[in-house]
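After this come two complexes, each holding chain A, first together with chain B and then together with chain C.
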Partner chain A sequence: MLRDLWDGLPVLAQDVAILLALLAPLLLIGGFLLRGFAPWPLVRAVLWRFRWANGMFVALIAISVGMGIGLIAQERGLRQGTAAAADKFDLVVSAPGSEMTMMLATVFLQPSDVPLLGGQAYNTVANHPNVDVAAPLAFGDSYDGAPVIGTTADFARHLSDDRIEGRMWQSAFEAIAGAAAPVGIGQTFTPAHGMGDEAEENAHELVEFTVVATMPRTGTPWDRAILVPVEAVWEVHGLANGHAPEAGDQLGPPFDAAYFPGTPSIIVRAEALWANYALRSEFTRQNEMMAFFPGTVLANLYRVMGDVRQVMSIMSVVTQVLVAASVLLGLFILTRLFRRQVAMLRALGAPRRFVLSVVWSYAASLLLAGTLAGIAVGVGATAAISTVVTQRTDILVNASLGWGEIHLAAAFLAATSLLSVLPALATLRQPVVEGLRA
Partner chain B sequence: MGLTLAIRDLRVTGPTGRVLLSVDALDLPEGSLVGVRGPSGAGKSTLLYALGGLLPATGAVRWGDTDILALGEEARTAFRAANVGMIFQDFLLFEELGSADNAALAAMFAPRDRRSATRDAAVANLRHLGLEPGKRPVASFSGGERQRVGVARALAANAPVMLADEPTASLHREAADALINDLVALTRDQGRTLIAVSHDLHLLERMDRVLWVEDGVLRTEAADAA
Partner chain C sequence: MIGKAQTSSLLALIAVLALTMPTAAAEDHGHAHGAAAHDEDHAHDDDHAHDEDHAHDDDHAHEEDHGHEEDAAHAFETAGVKIVHPWMNATSGREALIFLELENIGNGSVSLEGAEVPFAETATLVGFALENGEGRYRDLPFVPVSPGRTLDLAPEGLAILASGLTRDFTEGQTVEITLQTSAGKIPLIVAVESETARQHSHAGHNH
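Up next, the complex of A and B:
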């Protein structure tokens, strides 16, 4: 009954309800201690008196809360970013081997030496009635650090959602640049053989591509890529260009199996989404080829990462508990410093609850300030790390503050402010007269 | 408006069982100004704290109709809030607060309907003592000014009893004399009962009566003091 009621609530209402439930102990204890009192001038005086120590406490709390928040938000952002990067790759067909290796090569453009699929296999896939697009990929060349990838016009349209700026290539040595590629429309470049430090600059020195179009930003590693007709890549490497000599300057499918040099993977787009499952089983043939969903491979990866995430969450909670414990210890020591004032308040007739309310409000102010600053630190750190990750990997990571992080911060605040009643109680254990004589 | 004081068989015992203070009997009429003197460590402050109900003790300490020793700790606290103003040797002010907030400290824990009365009384007392109530932290005040803030604080709750522990010991002569004048005038005008522990002869000579404490025993004859 209650379960149904809860499940029937909108997600936002559930999140707000959890937040309120987490903050309830804080509000209750604050309400109980402060009812009928106006201790704020004293709280402000104590905050000001120990301002350096207080600043340290707030900074410590802020860093530990910020780390916890940043960790969760960053991990989620990375997960969403990588999942989004795989969006365009419903089904990938490749030679049998490691799905992970092939996924990294096709979706994240981290190619390694992989076996190739031949022309027969390619045509089996390309000619299947349920297959809409079957794009071969040719990796291996680069220009100024950006991968130069041979493929088909259909795949370029698919990748950019048909929003190419400029025009589609019309000859083998025209190129389409990704949004973050180092070349723009009208520029020419000569690709180097290989990637990174091992690239041989002069291997293809007689070849020159002209950029005729750019693609809008997709938030994936493909933004840095430069797409060229796959025929050009094959030719540059002295291979057949996929077509019989009679075909002349034909670009794109159909390819002639006899002249097909091979492709590490084929990106498949089905006529309809439901067809993907049938295609996957159909194209998974022992010793011949394998088909996989990059999204599933990523999901498996996340499962492994999920365990790591839990370990990291526990570590961050432990860190926060340690920080909270040291802050409380510091409060114990600080409260010793105003035991004379506490004794004086008691001598003047201040009730125990008033003394508690002063010490607790002081501690809770530090915890509240630290937690709020921690949320800011977490958001700032997350934004900074996301920017770096996006720059380094071209995977668009949009890490933002979620309810999970807010709940974490609220739980921290509620737990520590409950515990901070302890140093407040400790100040009351001192006999008044000893305090006055101290 | 002061309260009478009646002490019977008061015994304050230290943690080792040693008797720190014993008073067989003492009766003071309301509105008395009483000095307490004696050697250091003889038990003068202990007497003052026992009168305020701040120490565990046996016997009876009756202010008016209330035996403060018969009350529980929170009830004693409430009794002090309503009836006793305390003045300390080193003032015990909140250095970061201004004179007005310090003098009106009791308003922070007073019932809501009495808060503004306490604040008004604090301001009036400060003015009466020649201080401008303000926000400037008392850390920058002179000793004499600080003790006058302390006196204003003790008076703010309009308590019928004032307990003062060496109120002039931290002041130079001139400031001490000014404070003595103010303290005596303010207590006498309102008919308050004042009990002041002091070595200061200028203060003691303004009292109605001076008690002598030695080795934890109260001698009621003023003549013994000579």
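Up next, the complex of A and C:
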């Protein structure tokens, strides 16, 4: 019954309920200790009097909480960023081999030498009644570090959600640049053969592409890419251009199997959700071709990452326990610092619960300040790291504060605040007379 | 389904509760168990034809309690459809995914439409997709399979999602379900693998 009720709640309600449950013991003990008292002027005075020691404490807690939070937030940011990069790639058909290699090549534009699919295979895919878009890709060339990729107009529209600025290419040597590509509309470029340091600058000397459009930013590695008609890439490499000679300057499908030089992968898009799964079984043919969902490959990767994350989470929990222990120890020492003041209070006839409330409020204030600062440290660190990752990989990684982090922080705060009742109790055990002499 | 982040925060919550209110936590536990047991009792009352606990229904050839696991078949064939290696993970939760391989060995297209799962409230054909970095299983109406092709139901892919489970499942058990296809209904015996298994323990064998 309870389980059904819980499962029936919206996710937000579940998250809020967990947070409240985590903070409840804190509020209960606070309410019990503080009821009817106003210890704040005294607490403020103690906080100010020992501000350096207190500051160190808060910083220590902040860094430990921040580490834990940063870890969870960064992992989620990376996961969401990489998953978003695969959004446009429902199903990929390629020659049999490693799904991971092909996924990296197509979704993240990290091409490696892979076998090609021939014209027959391409036509089998393209002519299937459930297939709406079947885009061949041609990798290998680059310009100024940006990959130049041959494909079809349909794929360019699909990739940009049909929001191309400028016009679609009308001849083989026109190009569409990604938002982060080093060329803009109206500019011309000559692609180099290959990528990176090994690129041969002069291999395609006589070829010049003109950029006629740009695509909006997608937050994926494709932002750096320059798309050109696949026919142009084939022609530049001295291959047939996918069409019979009598087809003239035709661009895009249908392709003639006899003049199809081959493609490392075909991006397949189907309108109906179920069709993707049917097509996967359709195009999985031993020794001929394979079909895979980049999302599934990524999910498997996340599963491995999840295991690593759990190990790291345990490490960060252990760190926090250690910090909590040292906080406790520190509080014992700090309470010795104002031993005389406490003895004075008690000599003046302050009730035990009042003394307890002062010492506990002081400890809880340090913990609360440290935890809040820790959340800020965690988000700040995540934002900084995410910016670097986004710059280096073009994968948009957002730093955001999720419920997992808030729960972690709340659990830390609740547990340490409860434990800090112990040093508060310890101050009560100190004899008043000795305290006054101290 | 409960995500990993939620699980860890739940653990944190339990830790805090355990620290502070051991008695209250224990009480909660008792309640949860009580509720589960209650549900099971209901399942027994109902007339579930394929319930394993009704082992005395003699007309069911593949009762779990008969200890037929050794000779339980891993391949099932009906009307041009061959099902190989149906399996699920052991669970005490409310949901389970059932996986299998469906081979179309006939001459016409066959659609997988769903399943009748006697130990669950609902059973639907679902497909995996990443949404915002989190995996989701979305309902699918059917998936057609051409002659000579195999449809793979596997983790992070296609599956039969059984929700509202009426009992727990432990490794080594077998359970009966009926697959619904356009070629007719196919009764199957599903092997329960470990909680963390990623495939049928006989995967890779030829049947």
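Throughout what follows, the second predicted complex is superposed on the first by the 429 of 438 C-alpha atoms of A that agree within 3 Å, B and C clash if a C-alpha of one lies under 4 Å from a C-alpha of the other, contacts with A are read in each partner's own complex, and residues count from 1 in each chain.
Keep this in mind: a contact is a pair of C-beta atoms (placed from the backbone, for glycine too) under 8 Å apart; a residue touches a chain by one contact, two chains touch by 3 or more.
None of these values were measured; they are calculated from a predicted model.
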- Task: Judging by the criteria at the top, classify the pair chain B and chain C on chain A as clash or fit.
- Result: fit
- Message: One more residue to check, A:Ala350. First (chain B), second (chain C), both or neither?
- Response: first
- Looking at the overlay, does A:Glu271 come into contact with chain B only (first), chain C only (second), both, or neither? neither
- Which partner, chain B or chain C, touches more chain A residues: C
- Computed vertex angle (chain A) for partners chain B and chain C, CA, steps of 10°: 100
- Message: By the touch definition at the top of the document, which applies to A:Glu288: first (chain B), second (chain C), both, or neither?
- Response: neither
- After lining up the shared chain so the two structures overlap, which partner does A:Leu22 touch, if you call chain B first and chain C second: first, second, both or neither? second
- With the two complexes superposed on chain A, say which partner A:Asp144 touches: chain B (first), chain C (second), both, or neither. neither
- Task: Could you say whether A:Val433 touches chain B, chain C, both of them, or neither, answering first, second, both or neither?
- Result: first
- Item | Smallest separation in angstrom, by C-alpha atoms, between chain B and chain C in the superposition | 26
- Message: On chain A, which stretch or stretches are contacted by chain B in one complex as well as by chain C in the other?
- Response: none
- Message: Which residues of chain B touch chain A once you look at their complex with the stated criterion?
- Response: 45, 49, 52, 54-55, 74, 77-82, 84, 86, 88, 92, 94-97, 101, 105-109, 111-112, 115, 153, 157
- For chain A, which residues count as touching chain C in their complex? 1-3, 7, 14-15, 18, 21-22, 25, 72, 76, 79-84, 86-87, 273-274, 276-278, 280-282, 284, 293, 295-296, 298-300, 302, 306, 309-310, 313, 402-404, 407-408, 411, 414-415, 418
- Message: Help me check something: in the complex, which residues belonging to chain C touch chain A?
- Response: 4-6, 8-10, 12-13, 15-17, 19-21, 28, 31-32, 35-36, 38, 94, 127-135, 138, 140-146, 149-152, 156-158
- Residue numbers on chain A that touch chain B, as the complex places them: 36-39, 41-42, 44-45, 48-49, 340-341, 344-352, 354, 432-433, 436-437
